[in-house]
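Chains here go by letter, A, B and C, matching the order in which they are written, and residues are numbered from 1 within each.
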Amino acid sequence: MTHEHTAVSGVTLVLGGARSGKSRFAEGLVTALPGPWTYIATAQAWDDEMRDRIGRHQAERVPGWTTVEVLLDLAGALAAAGDGPVLVDCLTLWLTNVMLADRDVAAAVAALEAALAARTGATVLVGNEVGMGIVPENALARAFRDHAGRLHQRLAATASQVFLTVAGLPLKVK
Amino acid sequence: MTHEHTAVSGVTLVLGGARSGKSRFAEGLVTALPGPWTYIATAQAWDDEMRDRIGRHQAERVPGWTTVEVLLDLAGALAAAGDGPVLVDCLTLWLTNVMLADRDVAAAVAALEAALAARTGATVLVGNEVGMGIVPENALARAFRDHAGRLHQRLAATASQVFLTVAGLPLKVK
Amino acid sequence: MTHEHTAVSGVTLVLGGARSGKSRFAEGLVTALPGPWTYIATAQAWDDEMRDRIGRHQAERVPGWTTVEVLLDLAGALAAAGDGPVLVDCLTLWLTNVMLADRDVAAAVAALEAALAARTGATVLVGNEVGMGIVPENALARAFRDHAGRLHQRLAATASQVFLTVAGLPLKVK
């Protein structure tokens, strides 16, 4: 069941819990392909904890990446990324940004799907699995996990590969 | 690892996180069998959010279903459902109903198991995976996830098939 | 995908959500091997709920086990356990103990890894999957799930077998 880093193509969705090694696994999928590689970072460093996290992730990444930071216009960043392999890390923060900016989630998701379909290079999308705990008491958190779950379902339906990482190891779901 | 909607028989348990596509997958398992199909709904529409959810689920379902609403007597509803395939959506709300009504959970689970064993038609049970987050601070939530986990274990032990849905895709666990 | 209780060797990591049957599955892996068996319990009975849980787990265990209780020095307990199979139940409580005692987590994890590498007998480690829910609002809970996730990744990287239990059934991850 472990994955041998065979070459992916099309769209790959890598889901996993917190600290499940999803980013590292996803990066390995991308760097197994010929470059240049584009890293689309959706994280906004709005506190020290987040800044530390982003810094640690960047330090762990091997050289050879072009990093693009994007908060909302993920579709535009994908269109501008050319034909090489792209890593999007992560869908969860992007969705949070879209919700916090009060944008229309359905429209943003539709634009993302169109941008993914238009790419010729491989795209690896990282997302947090957030739906396997107790129902959150907070209504915004409930809305968020509903949107996240539906987003993952839509992307998984057309993705070429879907993985769930557990303790750093990939379970192949599709 | 993806599931080809092969015909299920006996008891099938479909677990998954919130918005993981478990209901849709479970419905597909039932409608792959000859009808008539019975949908046993355990949801109580006690607020607008829940009413919306139920309405959306009903609208998405294809015609040809007989819908039965039940809050507590799931065993009785299964006994009354005849020999055709039955979908129970979902165990989690039923267990919540049983706990909120202060009924004996062990007795209710034993009655459910007896009713399932007595059926000749296929039964597909949907349940939420709720145990993969941080320990809830709320004691009732802790008790709930303990009961849910034990219920799923008991049903899985005798089920013919068990699936975990991830992003709308089934992982076959048994 | 279900596991036939084939004989494990080296280090086995069994992860699972709350009430997912991980302890029972892990015990079955150990008792499928020749004894004597050592059970290293990391639970501290600091309230009635926990005392009940520990008592219930002990009552369910078959005779033939030597039980060792340890709060912090898991590496020492592993070194003292001899060459027979050992079950550690669970990593999650041990990590909690280490954090609450304000010990250095990285040093404790390094000592654990060294102790595991030095064993000749099989070691089965049980841990809670806690990272698949919504981000906890509590900073300590966030730190905990980060530490737990990284611990699981490190152990899984060198483990011979890794399982995720779902409803009492094992998914083989490695």
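As a working rule, a residue touches a chain if its C-beta (ideal position, glycine included) is under 8 Å from a C-beta of that chain, and two chains touch if they have at least 3 such contacts.
Because the structure is predicted, anything quoted here is derived from the model rather than measured.
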Contact graph of the chains (line, ring, star, complete, other): complete
Interface residue identity across copies subunit B, subunit C - same or different by half: different
Angle (degrees, nearest 5) of the CA superposition of subunit A onto subunit B: 120
Euclidean distance of C-alpha centroids - subunit B vs subunit C, Å: 30
Residues of subunit C whose C-beta touches two or more other chains: 17, 129-134, 145, 171
Subunit B-facing residues of subunit C, complex: 1-2, 16-21, 49, 129-134, 136, 138, 141, 144-145, 166-169, 171
Residues of subunit C touching subunit A in the complex: 13, 15, 17, 129-135, 137, 139, 142, 145-146, 148-150, 152-153, 155-157, 162, 164, 171-174
